[in-house]
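Note that the chains are named A, B, C and D in the order they appear, and that numbering of residues resets to 1 at the start of each chain.
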Amino acid sequence: MAKSRFEYVKLFEHHETALPNTWMVVRLDGRGFHRFSALHEFEKPNDARALELMNEAARECMLAFPDIVLAYGESDEMSFVLDRRSNLFKRRKSKVMSTIVSLFSSTYVMRWSRFMRDKEGRPIELQACPHFDARVVCYPTLQNLKDYLSWRQADCHINNLYNTAFWLLVLKKGLTEQEAESRLRGTFSADKNEIMFSECGVNYNNEPAMFRKGSVILWADMEEEVTGQRTMPDGTTKTVTSTRRRRQPVVTAQDMIGPAFWEEHADVFAVET
Amino acid sequence: MAKSRFEYVKLFEHHETALPNTWMVVRLDGRGFHRFSALHEFEKPNDARALELMNEAARECMLAFPDIVLAYGESDEMSFVLDRRSNLFKRRKSKVMSTIVSLFSSTYVMRWSRFMRDKEGRPIELQACPHFDARVVCYPTLQNLKDYLSWRQADCHINNLYNTAFWLLVLKKGLTEQEAESRLRGTFSADKNEIMFSECGVNYNNEPAMFRKGSVILWADMEEEVTGQRTMPDGTTKTVTSTRRRRQPVVTAQDMIGPAFWEEHADVFAVET
Amino acid sequence: MAKSRFEYVKLFEHHETALPNTWMVVRLDGRGFHRFSALHEFEKPNDARALELMNEAARECMLAFPDIVLAYGESDEMSFVLDRRSNLFKRRKSKVMSTIVSLFSSTYVMRWSRFMRDKEGRPIELQACPHFDARVVCYPTLQNLKDYLSWRQADCHINNLYNTAFWLLVLKKGLTEQEAESRLRGTFSADKNEIMFSECGVNYNNEPAMFRKGSVILWADMEEEVTGQRTMPDGTTKTVTSTRRRRQPVVTAQDMIGPAFWEEHADVFAVET
Amino acid sequence: MAKSRFEYVKLFEHHETALPNTWMVVRLDGRGFHRFSALHEFEKPNDARALELMNEAARECMLAFPDIVLAYGESDEMSFVLDRRSNLFKRRKSKVMSTIVSLFSSTYVMRWSRFMRDKEGRPIELQACPHFDARVVCYPTLQNLKDYLSWRQADCHINNLYNTAFWLLVLKKGLTEQEAESRLRGTFSADKNEIMFSECGVNYNNEPAMFRKGSVILWADMEEEVTGQRTMPDGTTKTVTSTRRRRQPVVTAQDMIGPAFWEEHADVFAVET
């Protein structure tokens, strides 16, 4: 069996690498999630369970690849930011991107039943294969990276403002979907806030921050309570609870468009050169 | 909220496309499957259930993307061949690759419990997130594509011959893993066949074809039995079974190194230009 | 002097390679040649001297890089086709392209005065730096390559038909450039042929083939007369003329759109795989 | 003539663009210049005329493409740095690179006889086509760019120190080339300085800066004397000389490894973002 005769085909492989010293961003985007969310009756305009499932899958990716310094999720998309010094997979774009999207997808399914439960706590059956496309983009400066994250967070804001107003009109005021669409056509942010407040009695700013800001996932030292059995000098065992600190990806809902976030987390992004 | 101020960051995206009129091959490769298979006690040297799960995930990808004309799987890797005329996602490499690896991964988890059951039929718990990396390679001519698939199938043969002999020596003859390794060091194919036959009483050619050849998945018209209720003219209902033909991805274990396979399936690959 | 401290910057280099087993085509295109040709009073609609200078520069490139199997020139552009088996510069696109365009450009200037002479044979002074941009494109099949060359030759035909009619109307019939443009607007090929024939007394088919078809440069065995001094047995010298055969790039004006050209030169392009 | 039937081949073109907001560097490197310089009897170890010709060709490129903020030349290589905000040719790498190397090459030939003259001032005949390869590399930060230029200048220093010592030993002390090579093998910079000083009576630091540092070409406002004829009120003409300021590329030999250069020219490189 002449194996070597065929091996020349490896020469056709081409591994594009990300430019060194740039911020690699891997963005995942759900495919067909309009249909997928309808099929599983996601709550409108936001399904907290589904968002938390997205966040859990993102946290799993961060734990597997500590070079990810931040993840940002909104709706059915998730962005991962890799440290600009990262040499993960020698910065081969395909490998970085495919491994992350694969792990994210399998985790999404694996943790589905933990998050997706009905009001009685019964698991909702997964009836279709959720999947995501991925892309990798490089940003050369911190300002470019800030603008990228601001772009996504502004997108989250605009979509969520619209969707919240839309579904309030439909679910609370009883408008048809067409009527709600007409009502909102051409309105500005202030108009939508006013419609929600005066017509639906809802102050948009009181909506959950995760809906309004998306999910910002960062590493933090967390205290964990660890409970274990300890054998005492006299041979007896005793249940002991201690706390330990561990770095973990933690979900928050901070604003990344203003400067405060970047000042607070300057150490994460402050890379000389 | 000035959205537009940030939108310039889209210009940093770069979508590489696969050269038109070439065979795009997406190859997935399990990450850390040595550990993953040990954790779930896969059978040695081959676990038919795990291979069938791989095949099922591949079939799901073919059903979602009919431009895939052939998939070939061995061990924890799977190659997808797209028709050279395919314009899937405008041939954007990242999108083609990421979508396939994502769907494959989520299907692998979703179908896990259907395939991975112990001898009593009880589902084996999934204890880690299986994931895969992906790459896309273009082959300009049919001969290059044949050589690619022959390369993978030769790889399957060589690995499986070794592994089968190795595990027979360990499991049947009681050698330690080190002893088995020493016994096989420097041996040729004929030697391994002889060791299996004379020392372990096993004729390698009688091993299952899926183990020896890998899995070749092709589209075929399959007859399905469809059973339904039909309402009769008199208002009664009757259970009716009929057959219908449908194109489906079908798993086989054919040899792709010799010419017969290519003659038999010439229509699939016979593209002018 | 710490040299090594800086060497990391080499890691930022990225050398894209052309897909193996494809036809690499390097196309050069004159930059600002409208102005350049006006400045040097090129003859309208075609300047045979300038075209021959282009061909000479192309021949020089072929002599330097024998992997070029064909060059095709029209107006201020030149295409070079590399053998699909070529491994020139390991198929690094930048290197292949930049070296060819550089050699072409320097030869164009170096040979300028040999070709660009006025009617009295006096050299025309070069008053601006001629330069070209370049691109490299890969074609996977011979049919794609044929279509590429047909595309350029059809472009040559269409442009030359228009330009010949235009300048006949201006130079021979005394129309202004605007009038000539109006006269030709919306006309088909047959109309232009008719205008030239009936209004200007010119049969387009009798125009020089190099103008109508462009220049196809191929390798051919050419006989050369070589004259040298030979020392005779008696010590005297004698002038001796002999012929020898040598492979040389030869300019022709063949049609590449029909099948005859490809049948005649099948050996050049007939690559198995 | 069916033109459109062939136009699909344009789809095979792929235009890679440089990542926005990075410093694009185009580096040219003479091909076969060892032989080329021997053929034209370049002076050893440095030929000032040839270096000035290189600089002249670089200046021509800067005048044609004002986005080039700095050029750096040593020996037969030249680096061009484009402003990080440059949108030249939409940052298409092939076009940027090929146009610069083409213009550089044709200028090199066109200006050859102005610079390359023997001691009696007679032009030296150009006997071979000089040509260059080119590559384009992107640097995301100013520090990376500084390190790139320091890398090239350190390379210039190391090569020139060796070459100066080598040719002094050969030309002044009468060693053979092999002897000179042996004499210098394993020596450090200090050793070479000492050899030159004590054995050849040459203080390396008194060598021309262009040889030791290479050529740094920057834009500067230069005063030009312009002489013209002016028509006076009484109808007579008078020769008038005036000065005007014009931005021009100016050749210097500054050190770019230390911080002083970057402080002095901070305005050129100080780009926010």
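Keep in mind that, in the parts below, contacts are C-beta pairs under 8 Å (C-beta built on N, C-alpha and C of every residue); 3 or more make two chains touch, one makes a residue touch a chain.
The structure presented is a predicted model; accordingly, all values stated were derived computationally and were not measured.
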Report summary line: More Cb-Cb contact pairs, comparing A-B against B-D, go to A-B
Query raised in the report: Approximately how many whole Å separate the CA-defined centres of chain B and chain D?
Result: 55
Report summary line: In whole angstrom, the CA-centroid distance of chain A from chain D equals 49
**Report entry** Averaged-CA centre spacing for the pair chain B and chain A, given as whole angstrom
**Finding:** 30
Report summary line: Residues of chain A that touch at least two other chains are 12, 14, 16, 19-21, 138, 144
**Report entry** Graph class of chain-chain contacts, one of line, ring, star, complete, other
**Finding:** complete
Report summary line: Listed in rising order, the residues of chain A that touch chain C in the complex are 11-12, 14, 16-17, 19-21
**Report entry** Residues on chain D engaged by chain C in the complex (per definition of touch)
**Finding:** 1-3, 5-10, 12-16, 28, 31, 60, 93-95, 97-99, 101-110, 126, 129-139, 144, 147-148, 150-151, 154-155, 157-158, 189, 257
**Report entry** Residues of chain D that touch chain A when the two form their complex
**Finding:** 19-22, 138, 140-141, 143-144, 272-273
